[in-house]
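Both complexes below contain chain A, partnered by chain B and then by chain C.
On to the complex of A and B.
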């Protein structure tokens, strides 16, 4: 039966050839390291979000009068609804963490350099899309936490003259966060963003495959930087086969991701759901300790520290611009970060400041 | 590259230059806690905390801030009337200001909200004595006024009751209340713990609260046999709620075991894959 199906496909689409080309004969750099699996882990994290998200959608009601109750219904009445929701909630946070780690690792290995500038830019857009996913999803449970965190974040654009008020209004659909905002965020979360994400991801993966995976710059026999004047696919005849050698490492990391997810669900189920998450949204009572999610804390704290908000938000936009187009700012040919003290300093400074701001934001 | 940098500089400079233009925003953004709704402080409070006020009047606000009323957003005007938004008319009778009630007026004063309690109180020896010759204790004698706290069974104590009569009868009353009271406190504790574990408890809380309120209502008749008769009913109502909380706790234990089980399965799978990957192709 199985053989029959494979044969049937073989005749029509040349399945074996395709698999051989794409998996067993496709070779990745011989000195490839475990950090190269993070991209796939991120991809897998999305699949989990999509699948659990679909099941949540079966019971969730996107209306300000029913949203909170429908989520509580999922948590208490729907069989294993709690598991699906916790996987989605914990997953959304872990996913951001994995994308950050992937970003840090391609940064340290300087993989974004010519010819991979576009891969970086598309990756950056993927990160922004991810964060928008998180932002829009956060409001959907319509709890005190979601309502007030969204109030904070949707206030940010108003720091911008003229355009800001309009933008904030466009996001919210009303002066304050309201039922209309909920509907907009819901539409963003389940209809608008997914196709964008899929497209960007397809582009990202296409670029990675078309250009060829970069070689880690740390090994002794790493070739000296060469100038890249014409397209060529980076091949590794002496490399290791993608399947099964590297593939199994990827699967190992994917399972590790799942173990971490279930560790959190088992031992810290309320890590991302503080008390305010189980109180329905109430526009007339501001809770005392509402903070944005951990990945927004650093920019949030930075904005609070700069007395002129417009200046603050301008600086952030400039930083965002520099981040997105970083490969065009860092044009040196050298890819070994150990030989680039300035870049190393920039890296540690950025990470250090980010961590300090995050902690500061959390406890201020 | 150069062009990009020039653009960035222009962008930042114009940004800084026109930054002052958004005073309104800064006002809302920096000075207020983030996302706070526009709340207006009552003029009663702003005047009663100002230095124009005598110390004893300032004390009222301090006491109220600690009170159960304050925690539930019951403010000055809710009891004393008047207009908390208009400084000039704040204490005008036109706007319903009533000021301080006399000793015998107090039950009606509190009874504006606590109507059921008022009715039962007038049936009690306490209430009748107040009505007949103005000697019985009014609400404030037992509950205090501005610093009022959530009522508990400990309001009945020797020091307070023996101001007017011997403690014996009050003690019997307290004993009759004890089992119900304990169950109510335990339930509130359980609900608090469930809430900390991420369970939505508002409905449960309301159920306990309603039972508690009915119980308190009844108590104000200060009739031991009535309490004894109805204790069974109350205990039954509370036990039903208790069953619900117990079910929730055992559900939480099940969830933890279940996800721990999946975690171990996955960890096993991870180890197998790891071993295979070490063996090489």
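On to the complex of A and C.
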């Protein structure tokens, strides 16, 4: 029967030709390294979030009077509900970690350089969409943690004069975070953001395949920097086949991702669910030890340190702009970061400051 | 002006009017008018707020606090931190109001002592009538 289906498709869409062109005859750079697999791991992480999110929707009630109870119901009464929810919670954190790692590896290999500036920008937008997913999903359990974290985030626009208050109101749909806010964050999480993510992902993948995978700049055979004056597809006739050679590496990494996820679920189930995540939202009591998720700790600590609200948020927006359009700031042809001490210093300094702020934010 | 140019201008004008109307409707839909809470009065017995003590209340949906400041009398302040909207906590032993989210610190007059809050805590009007404090 399987053979019959393949033949049926072969006659209509030329399946074998397509698979040969896209997988077995498609060659990736011969000196490709394990960090090139992080993109597909991130994609896999998104799929897990989509599937577990769909299952959670079957029992979750997006109403301020029922949301917390429905999440408790999923965790304690629905068969294997705890597993689905923990996969979603742990998965969201691991997904952000994988996207960060992917970004760092692309930065170290300077793969964002001409002609791949757009790929970087779309990747940056994918990261922002992912973080918006995390933020909007954070409110849905309607716990103390989610309520107050959302209060902080939705008040960020108030730093800006004139339009700030109106924008904050637009986000919340009311003066304070309320059931209306829950409804719009729910809509954002399950209906508005998914098509944006799919579109950006499609564009990202299109750019990667259209331009060709960039070659790591560290090997001895790496060609000297050249100027890119007209479009060409970067090909590697001497490279290794995408399938099965590179595909197997990608699958190893996907399995490793699952191992880490289930290790956390089994041995550290409360790692991403502090005490405040188990207390229903109380709009009249801010918990004493409210902290954002680990990936927002650095900006959180920065906001605490800068004694001016407008300045604090403006600096973060400027840094975000520089990050998103970094390829247009770094115009050097040299891609080997070891030959660029200034860039190397900027990189380590940024990572160092980020880690210090994160640890400081966690324990301050 | 050429007829073609005039028609282009006219089309652009009507398209912007049309898009503007849709945009305005969508924005209004996203930001509905706030439900105006009825101006209410809260009565707190003086006995409930001894000197150096405070009582948390809710007035017009806003969390607030009545503080009996040692040597300075009563004050009614909003508990909503002017930084990013968390609720401040009264710390009697340190005579201050503290925001747990970004460590904003206010004195008992509601003025910012340290941290990122840009403005003092708003005050609510009140009067003392016999044994009661009438707020609002």
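Note that in this section the second predicted complex is superposed on the first by the 364 of 364 C-alpha atoms of A that agree within 3 Å, B and C clash if a C-alpha of one lies under 4 Å from a C-alpha of the other, contacts with A are read in each partner's own complex, and residues count from 1 in each chain.
By our rule, contacts are C-beta pairs under 8 Å (C-beta built on N, C-alpha and C of every residue); 3 or more make two chains touch, one makes a residue touch a chain.
Computed from a predicted model, the values in this text were never measured in an experiment.
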{"item": "Side-by-side fit of chain B and chain C on chain A, or clash", "value": "clash"}
{"item": "A:307 touches, of chain B and chain C: first, second, both or neither?", "value": "both"}
{"item": "Comparison of chain B and chain C by chain A residues contacted", "value": "B"}
{"item": "Which superposed partner A:152 touches (first chain B, second chain C, both, neither)", "value": "both"}
{"item": "Which of chain B and chain C A:169 touches, first, second, both or neither", "value": "second"}
{"item": "Partner chain(s) touched by A:363 [first = chain B, second = chain C, both, neither]", "value": "neither"}
{"item": "First, second, both or neither for A:284, with chain B first and chain C second", "value": "both"}
{"item": "First, second, both or neither for A:161, with chain B first and chain C second", "value": "first"}
{"item": "From 8-16, 26-34 or 260-268, the chain B stretch with C-alpha clashes against chain C", "value": "26-34"}
{"item": "Touching both chain B and chain C, residues of chain A", "value": "148, 151-152, 155, 158, 283-284, 286, 290, 307-310"}
{"item": "Residue ranges of chain B in contact with chain A within the complex", "value": "1, 4, 8, 11-12, 15-16, 18-22, 25-26, 28-30, 33-37, 195-202, 255-256, 258-260, 262-263, 266-267, 269-270, 273-274, 276-277, 280-281"}
{"item": "Chain A - residues contacting chain C, complex", "value": "148, 151-152, 154-156, 158, 166, 169-170, 173-176, 180, 184, 283-290, 300, 303-304, 306-310, 312, 364"}
{"item": "Parts of chain C lying in touch with chain A, wherever the complex brings them together", "value": "27, 30-32, 34-35, 56, 58, 61, 63, 83-89, 99-103, 114-118"}
{"item": "Chain A residues within the chain B interface of the complex", "value": "72, 75-76, 82-83, 86, 148, 151-152, 155, 158-159, 161, 164, 241, 244-245, 248-249, 251-252, 255-256, 258-259, 262-263, 265-267, 269-270, 273, 275, 277-280, 283-284, 286, 290, 307-311, 314-315, 317-318, 321, 325, 328-329, 331"}
